[in-house]
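Handing you this structure, nothing more for now.
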Amino acid sequence: MSRTLKEIAALVSGDVAGNADAVITGVAGIEDAHEGDITFIANPKYLPFLSRTRASAVIVGRGMEAEAGTALLRVDNPSLAFTKVVSFILPEDIRHPSGVHKAAVVSAAASLGKNTGIGACAVIEDGARIGDNAVIYPNCFIGRNASIGSNTIVYSNVSIRENVRIGSNVIIHAGSVIGSDGFGFVTVDGIHHKIPQVGTVIIEDDVEIGANCTIDRARFDKTVIGKGTKLDNLVHIAHNVITGRNCLIVAQVGVSGSTTIGNNVILAGQVGVVGHVTIGDNTIVMAKSGISKNVPENSVLYGVPAQPVNEAKKLHAYVNGLPRMHQTIKDLKARIEQLEKKR
Amino acid sequence: MSRTLKEIAALVSGDVAGNADAVITGVAGIEDAHEGDITFIANPKYLPFLSRTRASAVIVGRGMEAEAGTALLRVDNPSLAFTKVVSFILPEDIRHPSGVHKAAVVSAAASLGKNTGIGACAVIEDGARIGDNAVIYPNCFIGRNASIGSNTIVYSNVSIRENVRIGSNVIIHAGSVIGSDGFGFVTVDGIHHKIPQVGTVIIEDDVEIGANCTIDRARFDKTVIGKGTKLDNLVHIAHNVITGRNCLIVAQVGVSGSTTIGNNVILAGQVGVVGHVTIGDNTIVMAKSGISKNVPENSVLYGVPAQPVNEAKKLHAYVNGLPRMHQTIKDLKARIEQLEKKR
Amino acid sequence: MSRTLKEIAALVSGDVAGNADAVITGVAGIEDAHEGDITFIANPKYLPFLSRTRASAVIVGRGMEAEAGTALLRVDNPSLAFTKVVSFILPEDIRHPSGVHKAAVVSAAASLGKNTGIGACAVIEDGARIGDNAVIYPNCFIGRNASIGSNTIVYSNVSIRENVRIGSNVIIHAGSVIGSDGFGFVTVDGIHHKIPQVGTVIIEDDVEIGANCTIDRARFDKTVIGKGTKLDNLVHIAHNVITGRNCLIVAQVGVSGSTTIGNNVILAGQVGVVGHVTIGDNTIVMAKSGISKNVPENSVLYGVPAQPVNEAKKLHAYVNGLPRMHQTIKDLKARIEQLEKKR
């Protein structure tokens, strides 16, 4: 779609420096942009590209001092503005399933809201409830008495087991499994006896779950993903885990059973969290770290086992200094030998 | 379902201290329990909750000294007893597919045992054999000549490729893939040529496989998961791996090709094991560790690369002590300088 | 199938030492081989098995000095030769879907090439294009306007979203997801706003993708897997990642957004790569390492954060030497005390 820079500025309450009549026809990253594209800079790392981008306009923060060969659009939050501009210029090329496909397999004892889209070979069991405007892509499985809130999108090949409750405005990407049995056994004489997992999973509103994630049902009671929390791909959430609101859980993180995570927590890629601990609000755990005990709120942690990041970095520097420390000790030893001789 | 504590005590051969006529209507964790619930304590960490739980009864070990405001049920193994009680009070709310759904796609050249349940859009290929009482959930794929033992449950969206053999009383959670090609290439002049993976996978009886796991078929010969071994979610087992009996392989573990794992081995979450090594019986590898060589039996290992856990913890303490060691060296240096001056 | 060793030698341009008329009926690993089998040794670790293998013939390198009780077949590259022999003796027991299954759900607005195989309950949306001889297994989802090149094999339960482009001679194993949304949010006042992911994914020719992998579509522009690159199982590739040609990306690796990977790069199992960095050609990253910054070409890296492997190993040895260093310091301290006293 074609828009002038002036129209875009109105959309995002921004101020144009340069040609406000420039015609914008596409969006792109600053390195790849061509004439007609609009781009943005949120990370100062990309500032050096500003002088040589071929974009017709660049969205920048209000405070950013920049010399550009192109029009600038100054806004409060460049990333957020760009998000709006993307949808404005390039409406998402998505056409979700609409209506109930004739090859969908919907139980007569399931209930569908208004205006749902149910794809081919989606299987919806007895007692399942699909909310208004919700979309279930092909080849999904929605178990008995599971419920899906309004406006929720469930991509293809997702499995949602019996009794699981999914809120509204949720997105679940392809291949994820919600409500599989927790990993619980009692071992007697070396044989592992399965502990029945009779609880459920509750996914609150506005959650996004990446592709091929696994979220286990509780032993009893519930596993919860709090409102507004976002999971990346291949994340594992064990039974009875409770996550707070607005967390970011990055790809390949694993959280063990019965752990409680506060609000606004960030777990970076490949982090592991042991079971039965509590992570306080606003905590940030850096990539590949391992959490082995309770974490107070507002922590920033790194390492295996995780330590406060400054502590971890200091120790890392000491380890890098070990060859020098070894040499110092050798030198001191020689000086002591000298002293001993001369005594 | 409603039961008296006396009835429950009879089920688990336990002794009641307190009101044996208490009516139990639910199960819950000790923190969440309400009046009418029964709960349990296996981990002493939860003992402090005993005095303030609202549960009507608590299952505890026979030796446990405890003051409680509620009835106690003393048993030999609280976890195992609780497992039985859960099924007694809260029969699992599961109704597996039964019969062959009219939207299932079962080859005329496949064979189904007695009393199987085959879900909608499950696809079962020529020559596949499904054992008595086995359940195949919707949207599964069972490849040509694969066999599934009796009483085995295969949840939705599972892929089981050609010739794979699954034992009896096995549970495979949703989204798992059994029998994908091993990752094997011969590199000539920078180009990776695929090595045909013509072997198979054998899953022995009583195995449980978590959600979205991947178990590769052997290059030739077989990949084996031994009887009674349990895999958590998102576990990767490479080609020609042989695991022993009654192992516990926790979420996001990866085991590389041709490695042999003994009996009763525990690999905790996110552990990685290199290829072509042997891990002895009864070994425990702690979370996030990396195994890079053969491991004798009865080992307890930690770290990357993994070391005996006591060794690893000792070294970890030394690393944490580096700032102090650095200061000590500085002090010694100053004292040497003093000595040198005074000489 | 039954072949003489002479026939096999002709196939792989090898020289027989021993009975060239030996009849070969199977292939096996050197430890498991029986009479009638052919096996091979590429890794010298397996040389000790040569004297006691029951195989009727063993493929070895031309330079390999070996005493064997069996026929040897000397070739330039034993692994590559064995690959050919496997297909010669044991044609893969695979019979891909052929034709369009009557339970497949193919849009009238999709286009199928010549000789395609479309399995039962595969769902192919409007505008999708499937190339000649391509195979789509049961329960796959091929989104609107996605394209699949000729001779490509897509195993069961794979999800390929709208507009994704897959090349020719590609193999995608079961359960993988190509084209899920990248993990991108703008956070304002603690709420994470989704950034539309309007780009796509391009999988070039000759790529192999393991089971249950996830490859996210770009925010805008494209995520690319370069020609001849091979991914193992459970690999995560984030949005806007560009991988070069002929890389090997081993199981459970995660690559964060907008990172660029050169040609012939090897990322071993469970490696993590941060976003927005560049990894040079021919780099090898050892298992479980974490890449946190740009990497020059021809690097060999290890550790978290990754360092040149020799550096990392040296530091590791120093850490293992800490108890001894501690003792040395203690001894020096005692000697200084002696000196101070005697002064």
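Note that the chains take the letters A, B and C in the order they are written out, and that residue 1 is the start of every chain.
Here is the rule we go by: a contact is a pair of C-beta atoms (placed from the backbone, for glycine too) under 8 Å apart; a residue touches a chain by one contact, two chains touch by 3 or more.
Treat the numbers as computed from the prediction; the structure is a model and nothing was measured.
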item: Copies chain B and chain C - rotation angle from C-alpha fit, nearest 5 degrees; value: 120
item: Residue-number overlap at the chain A/chain C interface, same or different (half cut); value: different
item: Length of the line joining the C-alpha centres of chain A and chain C, rounded to whole Å; value: 25
item: Residue list for chain B, restricted to those that touch at least two other chains; value: 121, 139, 157, 175, 212, 234, 252, 270, 304, 319, 325, 329, 332, 336, 339
item: Parts of chain C lying in touch with chain A, wherever the complex brings them together; value: 105, 121, 123, 126, 139-141, 143-145, 157-159, 161-163, 175-177, 180-181, 183, 185-186, 188, 190-196, 198, 212-214, 216, 219-221, 234, 236, 238, 240, 252, 254, 256, 258, 270, 272, 274, 276, 290, 292, 304, 314-315, 318-319, 321, 325, 328-329, 332, 335-336, 339, 342
item: Contact footprint of chain C on chain A as seen in their complex; value: 27-29, 32, 43, 45, 77, 79-80, 82-83, 86-87, 90, 92-95, 101, 103, 119-121, 137-139, 155-157, 171, 173-175, 208, 210-212, 228, 230, 232-234, 246, 248, 250-252, 264, 269-270, 287-288, 304, 319-320, 322-323, 325-326, 329, 332-333, 336, 339-340, 343
